[in-house]
Amino acid sequence: MVEGYNGLLTATVFLPAVGALVLLLVVKGDRNVRNFAVLIALADLVLSLLVFGFFDRGAGADRFQFVDRITWIPDVGLNAEFLLTVDGLSAPLVALTGLLGMCAVLASWRIGLRVKEYFIWLLVLQTAVMGVFTSMDLLLFFLFWELELIPMFMLISVWGSGRKEYSAMKFLIFTILGSAFMLVAIVAVFLTADIGTFNMVALLDEPTMLTSAGLLIPLSGLFWLFFVGFAIKLPTWPVHTWLPDAHTDAPTAASVMLAGVLLKMGGYGLLRINVGMFPSQTDRFAWALVTLGVISVLYGAVVTIRQTDLKRLIAFSSISHMGLVLVGIGSVGISQGTLTVTGLNGAAMQLFTHGTVTGLLFLAVGLVYDKTHTRYIPDLGGLAGRMPVVAVAMLIAGLASLGLPGLSGFVSELLVFLGAFQAYAWPTVLAVLGIVLAAGYILWMMERTFFGVRRPQFDDLTDASLVEAAPLVLMVVTIIGVGVWPTLLTDVFESGLNPMVDVLNGVINP
Amino acid sequence: MVTEAVIWAIFLLPLGSFAFAALVVRPFFNRFSLISGLVTIAALGTALGFSIWTLRSVILGHELVFEPIEWLEVGGATIDFGLLIDPLTAVMLIVVTGVSLLVQIYSLGYMKGDPSFSRYYAYMSLFTAAMLGLVLASNIIQLYMFWELVGVSSYLLIGFWHERPTAAAAAKKAFIITRIGDVGFLIAILYLFTQADNFAAVGLNAFHIPDIWEAAQPEAAAGAILGGAVLTWLALGIFAGAAGKSGQFPLHTWLPDAMEGPTPVSALIHAATMVAAGVFLVARFFPVFEHSPDAMTVVALVGAFTAVFAASMGLVMNDIKRVMAYSTVSQLGYMMAALGLGLYAPAIFHLVTHAAFKALLFLGAGSVNHATGTFDMRYMGGLRKVMPITYILVVVAGLSLVGIIPLAGFWSKDEILLGAWTGTGLVDTWVSRVTFSALLAGVIVTAFYTIRMIILTFHGEFRGGIVRELEEKAQTVPARESHHGGVHLAESPWVMVLPMVALGVTAVLLGYLANPQWTEEIGIPRHWIIGFLGDGLSAALGASGHAETLDFSRWMATISTVAALSGIGLAVLIYLRRRDQRADPLSKVKPVHTLLSEKYYMDTLYEDVMVRKGFFKYFAGILDWTDANLVDGIVDRIGWFFQNIGSAIGKLQSGHVQGYATGIAFGVLAIILALLLA
Amino acid sequence: MSFEAFMIVAAILFCIGLYGSLARRNVLAVLMSIELMFNAVNVTLVAMAKYLAPAALQDDISSVLTGQVFAVFIITVAAAEIALGLGIVFAMYRTHDSVDLSEATGLRH
Amino acid sequence: MLFQDVTFWILSVMAIGGALGVVMVPDLFRAALLLIVVFIAVAGFFILLSAEFLAVVQVLIYVGAIAILIIFAVMLTRDVQRGNLPNRLQLPAAVFAALLLAALVTVAVDTKWEFLPADQQARVDLVQTNSVTTLTGGVLTEQGVTSDEDQAEVQEAGLADLLISDYVLPFEAVSVLLLAALIGALVLVRPSSGTGRD
Amino acid sequence: MSVHDFYVLSPYLAMAGAAVFVILLDLVLPKKSLLPYFAFAALAGPFIMSLIQFYDLGGATNLLRGADPFTAEDPSILLSAISVDRFALFFNFLIIGSVALVVLASTDYVRNMERFQGEYFGLILFAATGMMLLAAATELITIYVSLELTTLPMAALTAFLLTRNSSEAGMKFLIIGAISSALMLYGMALVFGFTGSTQLSEISTAIGQASGDTPFGNYALFVGIILMIAGFGFKLSAAPFQMWVPDVYEGGPTPVVGFLSVASKAAAFAVVIRVLFTGFFDVALDWGILIAGIAAASMVIGNLVAISQSNIRRLFGYSTISHAGYILVGVAAGVKSGDGIFKAPEFAAIGPDSVLFYLAAYAAANLTAFLAITMISAKISSDEISDYAGLSTRNPVLAVVLALSLLALIGVPPTGIFIAKLYIFTAAVDSGLIWLAILGVINSAVSAYYYVRIIRVMFTHPATSDEKISGSPAPWLALGVAGAAMVFMGIAPGFVMEAAQEAVKALAI
């Protein structure tokens, strides 16, 4: 039973928020603010690793663990609960959030403008994202989902660069629009006569209950309403256009969080809600998901090749890589045989690995920008000689991004392809071409940025300092760790996804 | 008998030296970077010892089957890491560790003083580890992983001098082109996974290589799983990967550019081992290929065509390393063609001998460069006198390449030619004939460019080396390997010469000793390596039919020798006595020369036409424009539209109160009307 | 002199009032027009009280006076409204130096 | 009945003509005078409709108070010279007014009104006409209301009674309203001394 | 009138009395600056009486004696005019609360009005009396009088400043109000004529018997109801009766505008709900469509025009129009077509309670915003959004609170309006108005654009002046209370929601 109050997740989710409050009220002085923020981020990282580490992945373990459950809005029309819990799908993402939160704080060491405010927003953001990954009540989920907007908006529009206000606004409007659709769907689910709950655990346990009579919106409608919300966040072609702008103009830490965890919220939502709650529709529309996924992969990759701004390049590559999540989910559309968890696990893994990889890329680019004050690729070149640490980090991230074995990206891409190929062979082949293109733009970027003849004005560049290098190392270790020992993650993901696959198999082979 | 731990150690030792060099020496003790070289050499030496031990165990017929380690298990996909020890593996282990060891020793001298000495050894160790992992892999995904790792180490090493734009570009090109081939390989893997259920039904694992062999056997229990067109596509997918790595037409263009890397790298990776990985891959899946005549035909014809095609470009190159690069491509074509014809063991035999003499040739080129500072043969000449050891060794290696009896190359090439002529029955006869003709023609061309190279480099008068080259070209770009800087005409240091000598000895002896033709020599049975490899294959399949050896044919030997000698003669005739070696007489046949020196315009086609113009400028450009103006533009337009609609409605707000009242009246009437009509 | 006749005359009066309140510039004219509308409503209400059966007719005969009561209230409120209206008109006159509504368009868009 | 019909038509012409005058006549002062004509005509309507008390109230409040106030206002504001000009909204205003008229006439004609039963008409007239007096039993008997119960009922019915019983609340409220409006008007005509800001 | 009747009327009498008290006090009080506090204290009367009535009500629906037809008691004479039930009391509290905050917030604002402070507060309290009555009224005449009792003092207050803008705004408010009243009166007359009564309960009975092909059964009702809705629409500031709103918002005194946007609107919704749900329920399907259309128009027009506004108060004028639209969604969603053969209208599962909750949440959020704007504009003497630049440095707390209230108005959790919107859109989906719900959420998203723009200016643009912005304790207190209520309703909406649900039970008689 999903009952009780463990407290660990509450602590994990709200620690950054409490930290932000303390920061606001108590801490004075930029130096103290930084140190305190790091402390909080570190503590939260530890907590999130505890969640991940103590998550029981044994065969007989409960599906949902670390339950924190109390009534939030009593049964007066909207009986919502404060229900935090993790399953195999969310536990790694919680860890990812802790990890990237830590990196984001460290990457913000050089922020000089309105320091306290900055770290407050950053910590609030972390709470929001943690909340999204752990709340199992649709209303609470939505609450956190929306909560994340504000800090990100502020981070972009105050501490960003370029057309920061336009970008921040675009980010905001797109996301709000998406969540608006989601809200309608949430409400409609809740209102369905024999459902009457926001409890996602209940909705996941018996997904077939959604096939029962009395739906206000047809199942397919609900599916697509949710899908739009998540697709915008993911982002999927053609609703991706907020991403390059937001990424490009955001400060480094915000880019890291944006690419590293915020996009993952979209993928997580797709897996948790679209796949978990609407198995029949996922099966029915798998072709559409794959189509969108493949378009995103190829379109994103081709457009990436044209980019001359480092951050914009990575942003477009994110579109391409997140397309793989859709392709992985498309594995549900197998026409014969038994669905295995491979593709879905690949999609989930892709969430994690892309989080680390893109996080690292943005960290490295942030350093490059910090030191050279440009992100325009034709203005750069030959930086490897002056900043080898950054170059190595960038190279490792880039190689992981193009799916090099031994690094995390490979595992997720392989699983996605293995899964999807069984359902849609030719689209998958097209998606595979995406990795060739990935090699193209990553290596082109490396060549033009870090290799080749160094411009004289970059002769005095310094390499990353210890504080700057710390997040890089943290990420590199994660990337290699996952790449070498993926079972660490896949097992956990599998324990979360297997129940869904069982349900899906019931739908596919009735 | 060799233990599992020892075999793992072969792989782990270089990996350890990589970790040591990369994580310890490079960041913390870069001043003592020599340590990393010594550690690497020690590790490789041990690995070589273990490899020999392994080979011995295999020869003695020990049962070397080990339980794999589960790496990843998701859904139906169980990916194991295991060791697949068979004669092919054992031979490859020796080749890789052996050549690698010699090259590392050589590099001590060649790379001396390079600021990135540790990095160099780290990369080299990484490469060796990856290559060994590839060779040892028992699981196709494991193999694919190391396959990619090998690719990335190659990328890193080609781009080792990353300050040089040409090096960085060449590295990128190498990686991307091989990756295009890898897509085929990956798709083959994906296809295998779709059959996982069928494999599992008969207790097999779709990723386990011996299980794949079994599934491909028509007579085997699992015969229904892979067969017919499926098998062909599977084989072609794998071959695509192999073609990328081994530089087979049309994916060969990266290999000559890869010569931008340090010369020892070229020797190890782009001559002896990695490029041969493609051959190894096809050989590894030979039990799959051999049941698809169509796939075999493709492999044979592509190999044969590549053999001649690449060799023809070698005729006109001025850069000594590029000549060798095309030569490598050409020789890889020989091996591929052999495999395509079903000549499994000869192909591997040629791989082995080629590794020895081609590595030696490259090391020789490095040695020459050490003295002259350049790779451009137009600025060499006359080195025979100043570096006699190098000269002798290069001549030996060159003749071995040409296939002059009794050097190593002769014996392996002879096996291939003979086999091609005889045919194996796995492909149509016409394929064998076409292949044979191409390979024979290739011999003539090979002989010509080899001798041309030797003459231009070592004979005649010295033409000034790098100093002159720089003057003439007045180029601002730093010349390659500029740290060797000036010209100091002398024999290379012993640390470079000794490995060359070792390879030279091998290049002389290996051919006959490994495969004695007539009698058992010093304990080595007749046709030992052919039998050894063939038996290994048969044993793996639980069947026979791969161990048959062809007796030495005088006719064939004569024909090939005549062909080789005619090539040599022609080259000697044209080049040996010329005064001015800087203008190539071949350039008089202008159209042909241009075509060849422009590499059949394939780079132009790929890079300028297809990639830069077609893909980048037009396709990606249009898509990028679309994204910015249509997809994103629509979003902005919508925003603009709403804002303007808003302003337009706002304009009704004239400030005129009766206008507002009129609005109310209008509203009332509109509602009445709307409800009446509704 | 039917009920409909009263209704129609009242409606005409109402609509003339509406026209006047929309189309006159002078704020006092507008106020006068509004009074016309109120008067029209009053006529309607009283006519209804006279001719139409009230719902509570059977229970309470005094329900036939409801229309008149309504009219009384309307007259009273109208008086209050005019009083306040004139106050605002004076305020506007002081600030705008005019009682022309077409000139009081400082707040717009 | 003829007299009443004729009166009705005369009053109608007065009311409509006066009303048109109010909204058309350029001279604001004359418009105000015409407004009084309309008010008086409406008072006439009230008498026709058996609402004599209302007629009195109409004359007292509208003519006596409101119209006079307006006339004062007209004279106090200098715009009186500029007159009662139409604005640019004439045409739409006329169109909308006409359309609304059509709707209202349709309502008046097409609705199935529930008319008083004929037998009740006399009693209702009695009650309405005498809404502010208490009729004696004799008068009632004269008018045909004979039974004691009916007499009592009619006697109890009266505007004043209603205003302090059923409608006591709006009655109180309207008194508050008058107070508030007066205070409001008072405040608005206070000497402006830079009291506030925008 | 019996003692009981006085008791029933006590909150209203107390409120009106408070108004008179304040005005009289103004004449004698030497220290004018204390006046707001007296006005605030005077609110205790209506508040306490409402509270007593609330507890007195217990489980009954109506406090009035004789409301239950089965009791033989002497029925109250007020029965025909008002119904003091939970619905009315809900609005009593809402209105008293808003008045209290507005009074507190006005302490700084009225300082330079010297002699007329008493009248200022008096008029506010008079208007509040009207609003409270409006929420309780069940009879057309009472409704009309109460409506005017709110409108006329508000008009006076709008013109109170006697500046060019203020008087113009007051004049506009008055004229539009009067024309609307006239239209509404004609509508009431038609309804009265057709049904023969002005009491909602009797109107309801009469309508139940009528039937016909035209909308609402017949022409009199058809035009009558539409004209009435037009009149109410003016108070609701719903499209197409909304055009006066931005001008009045721009011209009127800021606290008054805040009051107007919150309390006046709440009262208008109260009466609309009361009339539609108790009087016209039998034709609910017809007005349901009509209200839905008005809701859609209000949301779209309000939001779209708001995008291009540069004056913050004007922007809030459009914002309030859009919120009227959202709230009307809840009204339209209150009914749904029944399952029977005749498709008779039925109460939806969630109906007017969502409206009540929204009103409470909106009151909290919008008052927070207006109180903040009052404090800011008192200092920077401008309502241009561009002059809000750098507010975050000039007074961070104020900036954060204003930002929070703006986010609340978008409907971002965890604020009351999020729950309220959720509630309302839930209701809409439940009643089959999915298109309206989707339109509503899209509009919410669009609205983010202009609200966030203000936040952006406050936080990201550099300040034009270093001068700090400060306020006296009373406005701060008001701001704090309103802000806390705003957040409280988002985090723990249960309390208000239950109250709203209890309140609307009074309607379903």
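Note that the chains take the letters A, B, C, D and E in the order they are written out, and that residue 1 is the start of every chain.
We take it that a residue touches a chain if its C-beta (ideal position, glycine included) is under 8 Å from a C-beta of that chain, and two chains touch if they have at least 3 such contacts.
Quick caveat: nothing in here was measured; it's all calculated off a predicted structure.
Chemist: Where the contacts of chain C and chain E overlap, which chains show up?
Modeler: Touches both chain C and chain E: B, D.
Chemist: Per-chain Cα mean versus the mean over all protein Cα atoms: which chain has them closest together?
Modeler: Centroid comparison flags A as closest.
Chemist: Based on mean C-alpha positions, I'd like to know which chain lies farthest from chain E.
Modeler: B
Chemist: Relative to chain C, which chain's C-alpha centre is the most remote?
Modeler: Most distant chain from chain C: B.
Chemist: Between chain A and chain E, what distance separates the C-alpha centroids? Give it in angstrom.
Modeler: 42
Chemist: From the mean C-alpha coordinate of chain B to that of chain D, what's the distance rounded to whole Å?
Modeler: Whole-Å distance between the two chain centres: 104.
Chemist: Determine the centre-to-centre distance between chain D and chain E, using the mean Cα coordinates as centres, and give it in whole Å.
Modeler: That pair's centroid distance is 31 Å.
Chemist: If you average the CA atoms of chain A and of chain D, how far apart do the two points sit, in angstrom?
Modeler: Roughly 71 Å, centre to centre.
Chemist: Send over the residues of chain E in touch with two or more other chains.
Modeler: Residues 141, 144-145, 148, 152, 155-156, 159, 162-167, 170-172, 175, 179, 186, 190, 193, 196, 222-223, 246-247, 251, 446, 449.
Chemist: Multi-chain contacts only, two chains or more: what residues does chain D have there?
Modeler: 87, 89, 92-93, 96-97, 100, 103-104, 107, 113-114, 167, 170, 174, 177, 180-181, 184-188, 192, in rising order.
Chemist: Specify, in ascending order, the residues of chain C that touch 2 or more different other chains.
Modeler: 14, 17-18, 21-23, 30-31, 52-53, 57, 66, 69, 73, 77, 80-81, 84, 87-89, 91, 94-95, 101-102, 104-108
Chemist: All pairs of touching chains, please: list them by chain label.
Modeler: Between chains, contact exists in these pairs: A-B, A-E, B-C, B-D, B-E, C-D, C-E, D-E.
Chemist: Within their complex, state which residues of chain A touch chain E.
Modeler: Answer in residue numbers: 72-74, 76-78, 117, 139, 142-143, 146-147, 149-150, 153-154, 157-158, 164-165, 168-169, 172-173, 176-177, 179-181, 183-184, 187-188, 190-191, 216-217.
Chemist: Show which residues of chain E lie in contact with chain B when the two form their complex.
Modeler: For chain E paired with chain B, touching residues are 171-172, 175-176, 179-180, 183, 214-215, 222-223, 226-227, 229-230, 233-234, 239-241, 243-244, 246-247, 286, 289-290, 293-294, 301, 303-309, 446, 449.
Chemist: If we count contacts the way the header does, which residues on chain E are in touch with chain C in the complex?
Modeler: The touching residues are 140-141, 144-145, 148, 152, 155-156, 159, 162-172, 174-175, 178-179, 181-182, 185-186, 188-190, 192-193, 195-198, 202-203, 205-206, 246-247, 250-251.
Chemist: So in the complex, which bits of chain D are touching chain C?
Modeler: 1, 4-5, 8, 12, 15-16, 19-20, 22-23, 28, 31-32, 35, 38-39, 42, 45-46, 48-51, 53-54, 57-58, 61-62, 65-66, 69-70, 73-74, 76-77, 79, 82-90, 92-94, 96-98, 100-101, 104-105, 107-109, 113-117, 120, 123-125, 127-128, 131, 153-154, 156-159, 161-163, 167, 170, 174, 177-178, 180-182, 184-189, 192
Chemist: Looking at the complex, which residues from chain B come into contact with chain C?
Modeler: Within the complex, chain B touches chain C at residues 650-651, 653-658, 661-662, 665.
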